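Labels for the chains are A, B, C, D and E, by order of writing; each one numbers its residues from 1.
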Amino acid sequence: MKKTLSTLAPFLGIILVVALWFLVCRLGIFSTYVLPPPEKVFHSFLKMLKSGEIFQDVIISLVRILKGFAIAFLLAFLLGMFRSLVPSSEKYYNCIVQFFRNVPPLSLIPLLILWCGIGETTKTVIIVLASFFPMYLNIVKGFTGCDQKLLEVGDAFGYTRFEKFKHIILPYASADILVGMRIGMGYSWRAIIGAEMIAASSGIGHMILFAQEMSRTDKVIVGIFVVGIVGLVTDKLFGILLRKLFKGNGENGWN
Amino acid sequence: MKKTLSTLAPFLGIILVVALWFLVCRLGIFSTYVLPPPEKVFHSFLKMLKSGEIFQDVIISLVRILKGFAIAFLLAFLLGMFRSLVPSSEKYYNCIVQFFRNVPPLSLIPLLILWCGIGETTKTVIIVLASFFPMYLNIVKGFTGCDQKLLEVGDAFGYTRFEKFKHIILPYASADILVGMRIGMGYSWRAIIGAEMIAASSGIGHMILFAQEMSRTDKVIVGIFVVGIVGLVTDKLFGILLRKLFKGNGENGWN
Amino acid sequence: GGGSAEESLDKLTFTYVTAPLNVPTIIEKEKGIFASTFEDMGISVEYAELTSGADQTQALASGDVQVLYAVGATSVILSAANDADIKVLNMYSRSPKAFCMYTQDESITSPEDLRGKTIAGPAGTNLHELLVSYLATADMTIDDVDYVNMSIPEAKAALDGGSLDIALLAGATAYQAKQQGYHLVADGEGLINAIIAVAVTNEFYNAHPEIIEKLKTAQDEIAAFISENEAEALQTVAAELDLDAAAVAEMYAYYDFSTEITEADKAGFQSTADFMFKSGMIENELDVSTLFFE
Amino acid sequence: MAGIELKQIQKTYPVDGHTIHVLKGIDLQIPEKSITVILGRSGCGKTTLLRLVGGLESPDSGEIHFDTAHKTAFVFQESRLMPWLNVWDNVKFGLKKQPCLDATIQNIIDTVGLKGFEKAFPHQLSGGMQQRVAIARALAYEPSFIMMDEPFAALDYFTRNQMQKELIRLQKNRGASILFVTHSIDEALLLGHKIAIIENGQIKKEFLIETDSDERDLLAEELIALKREIIQQLDL
Amino acid sequence: MAGIELKQIQKTYPVDGHTIHVLKGIDLQIPEKSITVILGRSGCGKTTLLRLVGGLESPDSGEIHFDTAHKTAFVFQESRLMPWLNVWDNVKFGLKKQPCLDATIQNIIDTVGLKGFEKAFPHQLSGGMQQRVAIARALAYEPSFIMMDEPFAALDYFTRNQMQKELIRLQKNRGASILFVTHSIDEALLLGHKIAIIENGQIKKEFLIETDSDERDLLAEELIALKREIIQQLDL
């Protein structure tokens, strides 16, 4: 009994929400247009599964997200590394980075169309903009917060700046980097609507947008669920992968 | 000479961008419709300053953001604290939190309008959704990553769970919390467009959106600059405030 | 932008807009009519799914898109008023009846009833113009009501949630409001022209006359196909938009897809431009005759 | 005799897939109001034993029985100061919000020789000073049972002497029980009423010293003999 | 005589708004190929002096002059191991990617008595074991100049003895120079060719011992006399 509860626990929240949803629909507080009942949403979901379109959308979006995420991570990492290796360089670009941190990517869409066109580049840039900053800030925090005492060990053994970075700062910061990656990954998914607003003809974000325009609330809800769950799964997979990589390093912030 | 360079350094990036912009416009690569020249943008900016509308917009948005940010922070902190105090509770709500972490807030707008109307509530919720997760994840990382050795000191002196939380975990996690707050603050600003998409008749996000719809790229650029700079200023003010609060605590992640 | 128009093209990008019920667009792609038309010129056809009018005009200006195949008159006017190089090639559709004001309150029947009510819809579009024109019939202005700027799906959601008095709706959303038993206050009939046009840049028009000619013949081919196979065409549309056949059939009746530019269309353009000037969306008066090719 | 009783305590740790048996059945009686010293080689399990008695870890098997409730304080092998608190606040750490006289705290800080460093943060102190703050923290708590894990290891001859005297005074005046881990045989002889030698995970031998600890002379014949015996026991 | 020469070294630290003068003009000659021991009370500035010589900090005034280039290793007062590396990798830390025989490393690990713990992580080791890993890390580096800051403080009588012998052997065989900080007078007498006593920020007295360090007997009359003198010097 207790064991069942324990295994069910993670789903409890979700089950509760669905149950509530079901109840509200049964009570007829809203019309089915306003809030489609679970069975209708499920039916739409099955239809989309059968036609296979949903898989295609998910895969296309996934590829976009991984691309954007990878670029954002590389950028954040390199910039963070550069800042850690040449601390004086920071003041030259910090201001501009901080500036863009606060700028809504949606406001940049017209300019992005201009500079990057309406192809994949713009979509990627939107995702990069969304996920770069949490990674950058966490990475910088990890790099600058390194234990001075351990750094001195590097000094004592004649490590160069880069060697200290590689062998001390980097492993020390791994938990921070991972939390940053995790937040960044979440924001990549969140940016998918914004990204696929621009000249997309497929992808899960486009699917949701289109359903919104067509007033198909049931499809919108399917889309939300799919994004949420696929996001959850990528997060978990990613966590497993990284835990393998950082084995022996104890807690890595991916709990 | 060297000193001038050093004080100018933070602006160097911005100066460079503006210079490039000026050059591109001069060369006439793009039509002024596509990329309005700096002088035109500046002119629009002056006009908006003179009419005073821009101040009003900024203040209205600022209030929205502070409200949303404060709620998100409280929520993230309390949930993180709860998770730290009652670790077994986590599995009940973790799944749902992680689920929503990946869901694009833009996809929720129709549902939010449905539930919360078109007043301030929906706008606040959008901002909360945008800034909650980086804060929550960083806070949880800070709380769970606490040095076990120091926690044992609490145990040894008969501290209760809550006392340990207050006197050991919390100060230990302060750097993580601050980085989270900082990222969260940035995301609050970024969400302003999404928030003011909904039935706003003022605010800087609305201003940008409207300008976008009206094909007024010059006004869009003014809006971007204003958001970027106001965001930068709030970030700095916030940093100063917190540095005062945490004085003596050394590095606090707000560099 | 578009500085490379002099060179021979090997790729032609059209905007692809299916909502609200853009039958020619859907049929064209389904049948590959553009593709086969331009194939012998060695030009491949691509599509850019840009839904907002502002994005479309932006993309045209940046040179990524050559033909705006279904862009609202308001968007064309806005971009032209802001010095963009844009011209109307011909018409795509007119559908005043597809633009409506819906409410849950049965007692709202005249412009006077709108006074002080909360009304939402996208600014700077046909729907906005509809509201202003409707109010004007009773000598009222937009300031007499509480107008908020929102996209169509959002306005519909707000109407459903009860936080709005009146929503400005179009296309499938309007159809659905009707199905829900909402009360129609007014549609665009007699109030607005609701013109959707096909637009290109002047530069492109001058540089590629042969493409323009081919495009026009392709448009005729599309129109011919639709009129000859109406049932099949509507079925295709229903499948593409995931709407039921009845809805498509009903909505289709609101649209006039003839491509020819009539005097009425030009007048409609001018009245839209005037409306936009009056409501402050554009800063200078615009003579729309500059938008058309001679 | 009242006190703490350890019965057949076993403790293992997993290291790199293997299990290492640290304690293989410890039987020990820790008498009240006296100083019990644990002596043993580096890595023999002294700290582990202390952690078990202090309840920071639980044994794999065996029992630990307390006769009376104690207010216990712990001095760890590392100083474990809160980096964000200055010396004064670190010393007060054990007291929580309990009211206490500033004079008492000041007195304790003076005793451990840190006068003038009240406002300094741990990273501004030398290793020995940090260790002394940790000792002060335990003393300020006014415990009736103190566990100390090599508390004086980082201290010089004189400071160590002084601290040892302080400890003996404290134990006498307050009648506290002390469980003291050290690797120094001299220190064990100087302080212990009971000396337990751990080797190979077991108590190899126990010695009792009757002389009052404040009257001992390490060069007395009796203690020299004892020292020789202990060395013999430790050195296999 | 070749070696390292310190001239009028001054060092201050700011603590809570005040300035504390830690070193007030140190003059010291550290001869080559021998063991120099720094002795002094807790908090007198031994670690600070070592850090200055090691270049981890710079003096406020004064000069440090090196006659020849050295390959220097540092054993800190705390173990400072990388928590993410196991014992083996921690020992190899100083070697970077330099090629080295596994047998050499194994040999060093055996010497410090950590055989069987090669794969253990620092948090799985006892305090004394961690300290020994830090010593092994310095030895594996094969330095010609070693600075050690109370390296044996956490070690028991026997382990300490063994490590001291190891150090003496190393110094003889390789002809390394060693700068050794300790608070134990016995240890200073056992190891030092030169013993410098720091007090009140200055070198109060220097002693030279001519006997070879591997032939010393702490109970020899000469050393007992020296010990008495040192205690006198330290105890004001």
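To be clear about the criterion, a residue touches a chain if its C-beta (ideal position, glycine included) is under 8 Å from a C-beta of that chain, and two chains touch if they have at least 3 such contacts.
What you see is a predicted model, and the numbers here were worked out from it, not measured in a lab.
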Shared chain contacts [subunit B and subunit D, defined touch]: none
Inter-chain pair with the most contacting C-beta pairs: A-B
Farthest chain (mean CA position) relative to subunit E: C
Centre-of-Cα separation between subunit B and subunit A, whole angstrom: 17
For subunit C paired with subunit E, centre-to-centre distance based on mean C-alpha positions, whole Å: 83
Distance between the centres, which are taken as Cα means, of subunit D and subunit A, whole angstrom: 50
Averaged-CA centre spacing for the pair subunit E and subunit D, given as whole angstrom: 27
Residues of subunit B touching at least two other chains: 30, 34, 110-111, 114, 209, 212, 217
Touching two or more other chains - residues of subunit D: 78, 86
Multi-chain contact residues (two or more partners), subunit C: 1, 52, 54, 58, 61-62, 153, 156, 160-161
Chain-chain contacts as defined at top: A-B, A-C, A-E, B-C, B-D, D-E
Touch list for subunit B against partner subunit C, complex: 29-34, 109-111, 113-115, 117-119, 197-201, 206, 209-210, 212-217
Contact set on subunit C toward subunit A in their complex: 1, 16, 19, 47-52, 54-55, 58-59, 61-62, 64-65, 152-153, 156, 160-161, 171-173, 176, 179-180, 241-243
Of subunit E, residues touching subunit D in the complex: 13, 15-16, 40-43, 46-47, 77-78, 86, 113, 117, 119-120, 124-129, 132, 150, 153-160, 183-185, 231, 234-235
Residue ranges of subunit E in contact with subunit A within the complex: 54-56, 72-74, 76, 78, 80, 82-84, 86, 93-94, 96, 121, 141
Residues of subunit B touching subunit D in the complex: 149-150, 152-153, 155-159, 163, 167-168, 171-172, 174, 248-250
